[in-house]
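Next come two complexes built around chain A: one with chain B, the other with chain C.
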Partner chain A sequence: MSQVSILYAAAVLVVWMTARVSSSRPFRLWIYLAASWIFYFSLDARFLPLLVLSSVFNYHYGRRIRRRPRVALLWAGALVNVALLGVFKYLPAFQALFPDSPFWQHVRQIALPLGLSFWTFQALSYLFDQYRGDETRPSLGEFCLYMGFAPTVMSGPICRVGDLVPQFRAPFAGSWESVREGAQGVWVGVGMITLARMLAAGHGGFGVADAFALRGPLGTADAWVMLLGYGFQIYFDFAGYSRLVIGVARMFGFQLPENFDRPYLSTSVTSFWQRWHMSLSFWIRDYVFLPLAMSRREVWWRHVSLVISMAVFGLWHSASWLFLLWGVYQGLMLVGHRLWQQLRRGAAPIGPRWLRSAASWLLTFLVIILSWTLFRAEGASHAAGILTAALIPAAGLQLPGGFVLLVLGLVAGYFASQLAVSRIPQRAPGLLSWLPMPARFACYAAIFYLAVFRAAEAQGFIYAQF
Partner chain B sequence: MDHSASHASMIEYLKTEILRDPDAEIEPHTPLVSSGLIDSFSLIQVVQELEKITALRIPASKVAPRDLDTVSQMFATAARVGMPR
Partner chain C sequence: MPTRTQIARGLLAVLIFGGSLELFARLDDYISYGAPMWGVYNAETLYVRDAIGKRGIPHARFRKWGLNALGYRGPDLIAGRPTVVCFGASETFGQQEREGSEYPRQLEQELNARAGAQAYQVLNAAYAGQTVRTATLRVPEIAAMARPAAALIYGVPASYIEPPPLDAPPVPPGRIEQPRFELRIVDRVRTLLKGMIPSSVQTWLRTREIRADRGAATAVARLPEANIQRYRDDLSKLIAALRQEGITPVLVTHVDAFGETLSDSDRALLTSWRKFYPTLQEEGFLDMERRANDAVRSLGAETGVPVIDLEKAMPTAPANFTDFAHFSDAGAAIVAKTLADGLLPILNRE
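Then we have the complex of A and B:
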């Protein structure tokens, strides 16, 4: 049951109606929990017991940490969660080191439980927060719902117990107004996912994956178009998915943390990382960067901590050298921005303000788009080939013209729509909210048509694999 | 240092060393982290200043950015988790 299917929409409606008519808070909590577990079961029946086991273990362990806040106890609990990630997510990657070993052949077959990285990070934040003395004291049912909450269990946003549990305890906040707001988020999300699928499906059967499967010498234009295509595919896919689940939760009156805030409009790498996958970015800030950076007083250590934190960010995706390099690259870019700020402090500005903003935006955009090479490439030599083509001017274009036009058209359309939205003041946020009602209705109808009738061509969410 | 003098000292530090804007308007309850005025990098400097003003050691594992969002919260957090040096 995918989150864009008609069946899912029907299930949401049934649960909403049940929650609406129920005046009992515990009953509503159990309805949400049952619906969430059924949803998870429908996605991946094999691993529901693991999710339940992790929830029960972490709930009791967190209570223990709260009673006896000892650092050894905290690290032991964290280690159990990291070991869980290790077994399912990282161990299979080591098979490449022992290609002939029958044991490692078996290890390679271990499947990744859906959303493991997301709900394990929620469990870890709960343990850390209990150690810090967080006042939130969830019941077992509330904690299980926090871990397996249907909208977020698959791919986030990564929530905190202190944000979600008080909302579980509040009276039912689903109103027609929240349904309207939520539905708008869902439509925008479905629209963005549809754009991601257009890039995946491509033109004439040639999509982003086909572009990355090209071998042989690439031209500079090839490299940048495929990187742009992937950069926008992953953005539309994950930001659209996040919009969708935040919208679904909003229909029930829940306020989930935002995960994206128009990151490709950032004018610095620092700003980009405050606007891209925000729930993971803030998690890394709170539980990796700050404790690490505060452990020594020297400024250079803060820079090292930043690079280490971004390396962890990269490895969160998968145990691969390329993800590690991607994280280190982002860390170095962040440090570079910090040093540049220090260098420029007190210096007279160069050129007019609009030119400085435009130059900062372009540089940030290129630095980020280039980084998708490490994120998407299928190996070191593949990544090196793309980077060489992108950075050393080379003539020629292997990509089909239709695909190039599709990518450039979508990118140009995205920036034009953002420019249009920014010029219309005092409107509700959202890609379509600035349009008059008939035009908005036509867009919603088109999105619905594309979402339902092109669903068969759909690929899975990119972030579901993490 | 008394309560209001501590707050004033921290506000002065924030204006001159972090924001580098002596005219910035900061009150004890002004959101600093959640509003984006202070980023995570500068937060480390702020904690070090907080340790200096309060003469307490603030364990890294005991604080989160949301505990340091305002000047008032900073001193409340220091009182809650700070340990004598």
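Then we have the complex of A and C:
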């Protein structure tokens, strides 16, 4: 825990207390907005004007669309937002095509504003919703807060105006009960982030990044262990972060959309995408897939729409062939699952139910874990090397034993904990209050240790780069 | 008023909480570094004491620091490959850098990169607190084991602020004294507090600690000339011992994190340096460094030993240091490059 984290925690406390004692809704709104902008300024001072400008522009543009809902107007507004993403996020990637051009050398220097992809998608959903006649009529202040809301501005969850603005208007809901619930979320989030950092730090100084830096022929076990390591690192990191910010918002009485719902327990790829990065997944479903799929009636077009939507999902992360391929792969898996469902419709089930569930889970898990190759690899040949090792049996293990044990131990521990949680009697309202006192205090100590001594070893949040 | 039962339950809760924290600290060490769950685990477990002083236990490991078969930090030596040995103290050992980024290791990479092959290896014969005198006593042993072609001497003048008396009785060989029991969580809490407490408060606390440590002794503003002379004499003996073994000595001037003008944070850093040597006032450190480096240069000129003037080559940018004198990864890289520049012509000549 650094001086900076203490400062942020103190700031949260001050804002919470000010909001609690204030009976004026507008005053509270401005307090939240000022705090959110100061927070953003503290993280990335250069781009606060861009966030404010985008907020003001989209607010007025959305009002205009509402008054004159024309499709050309909507697309022009969407284009401005996409152009913003293009300039800051995608353009620098094209420098590789023109390595000697001085102009592109300058373009490469363009920095990515913090959370740009997240708040720009929020702006886009606002424009689309206004076009569709959404009844939410935010004021300028409310819209600016929606765009720059401190808990979500950095890395989501991606919210909708209709979800957040009514909560901004409601009386202060930060009761002691919501503080308790929020604090639990924060603890769980910090614990998950810590697990991600443990995978990053690895064993004996050898972590996930070192595993992906290995060159030379990999064994099949190497490939699967490093993919498992990365799959769980990114899950713990992003799901933990999401849980943490949802918890902080909950302390103030806000209910943010969930972003993860135990995705690695999914028994189909379709179910996985309803449980992984849910706020983006639902955004893509509502604003890309559904409009596309409904533009034609043929079944094949629905499948193509699915692949295109998932390709957009992939490209949202970065303008790279690997992310595009990753998206297309996920789209094809979703199409495959739909086709399989159609094929099996009306057919007699094979084997007992538990076996079918276990087989579905295992297949889904392997398909998803394998896909992280495209997400994490440093180039096409690197990805090809990992995929080859994973799919074509090869003996040998380059990874250190300690690292392998750490990854397998954490993965086994995760599934065991999920099994245990599913069997906990829901007798008591608290997360740990059902435990006897010594076990409860040992758990508090574990969370305290992880939060204070391990999570403090900051090693960069993976999704901050998107 | 709380009842006796409530008090007992409260105490039990505190005990369980504290005990669990200690257990998790040990489990953390075990998982992260393969450390023993029970027993003492600190940097001193890397060493034993022999007739000369501290020496590394072959293949010992503490956190990121691993020793080779000779008991020195780094990988095992490859027979027949030209070797450069680095003498020094904690700066050379690599107290703060990530594993493999300490300057001797980066120097090895730099030399080999310039040679275009795995032509050289570097033996890091330093440990925290090593003096030039003990390094001199180790020369015959290192010469026999590693047969180095050249030796870099990165002496630490600060170890001559309060040097042990020349007639001090030798410490008997054996294990280094360790406490019978230690709470590992305490070290973590201390580190945590260091990161949390504002720098001005830390400086104030250090000042109080310095005063307490100094006791009745007087703090001098300038290191006596006799101490600098002793540093020079010890360097001279080390050079002679190396030459006797056929090893080419190379002197390196000492570098610290301070530039020409001192900022407030520089002054705070000087206080943190002084905490280790309470009898020299803050301003005396910079004067000591300058005079000791002059002594190194004059000794080099007098004995014909090449001097790599790191003090002049190294920018005192904060990014290069993690404190008053220890290098960051980036700083160690600059040191390695500078040393390689000075060393390669000598190695080629050899």
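Just so we're on the same page, the second predicted complex is superposed on the first by the 443 of 466 C-alpha atoms of A that agree within 3 Å, B and C clash if a C-alpha of one lies under 4 Å from a C-alpha of the other, contacts with A are read in each partner's own complex, and residues count from 1 in each chain.
Following the convention adopted for this analysis, contacts are C-beta pairs under 8 Å (C-beta built on N, C-alpha and C of every residue); 3 or more make two chains touch, one makes a residue touch a chain.
The model shown is predicted, which means the values in this text are computed figures rather than measured ones.
Residue contacts after overlaying the shared chain place A:Tyr131 against chain B, while chain C stays out of touching range. Contacts of A:Arg285 after superposition: chain B is touched, whereas chain C is not reached. In the superposed pair of complexes, A:Ser295 makes contact with chain B only, with no contact to chain C. Looking at the shared chain after the overlay, A:Ile6 reaches chain C, while chain B stays out of its contact range. Once the two complexes are overlaid on the shared chain, A:Leu306 sits against chain B while remaining clear of chain C. Shared-chain residue A:Arg338: touches chain B; no touch with chain C. Contacts of A:Ala442 after superposition: chain C is touched, whereas chain B is not reached.
Across the complex, chain B is touched by residues 71, 74, 128-129, 131-133, 270, 274, 285-286, 289-295, 297, 302, 306, 338, 345 of chain A.
Taken together, the chain B residues at the contact with chain A in this complex read 20, 36, 39-41, 43-44, 47-48, 58, 60-65, 67, 80-81.
By the touch criterion given at the top, residues 9, 12-13, 16-18, 20-21, 24-25, 28, 31-34, 64, 98-99, 188, 192, 195-196, 198 of chain C touch chain A in their complex.
Of all the residues in chain A, the ones that touch chain C in their complex are 1-3, 6, 198, 201, 203-205, 402, 406, 437-438, 441-442, 444-446, 448-449, 452-454, 456.
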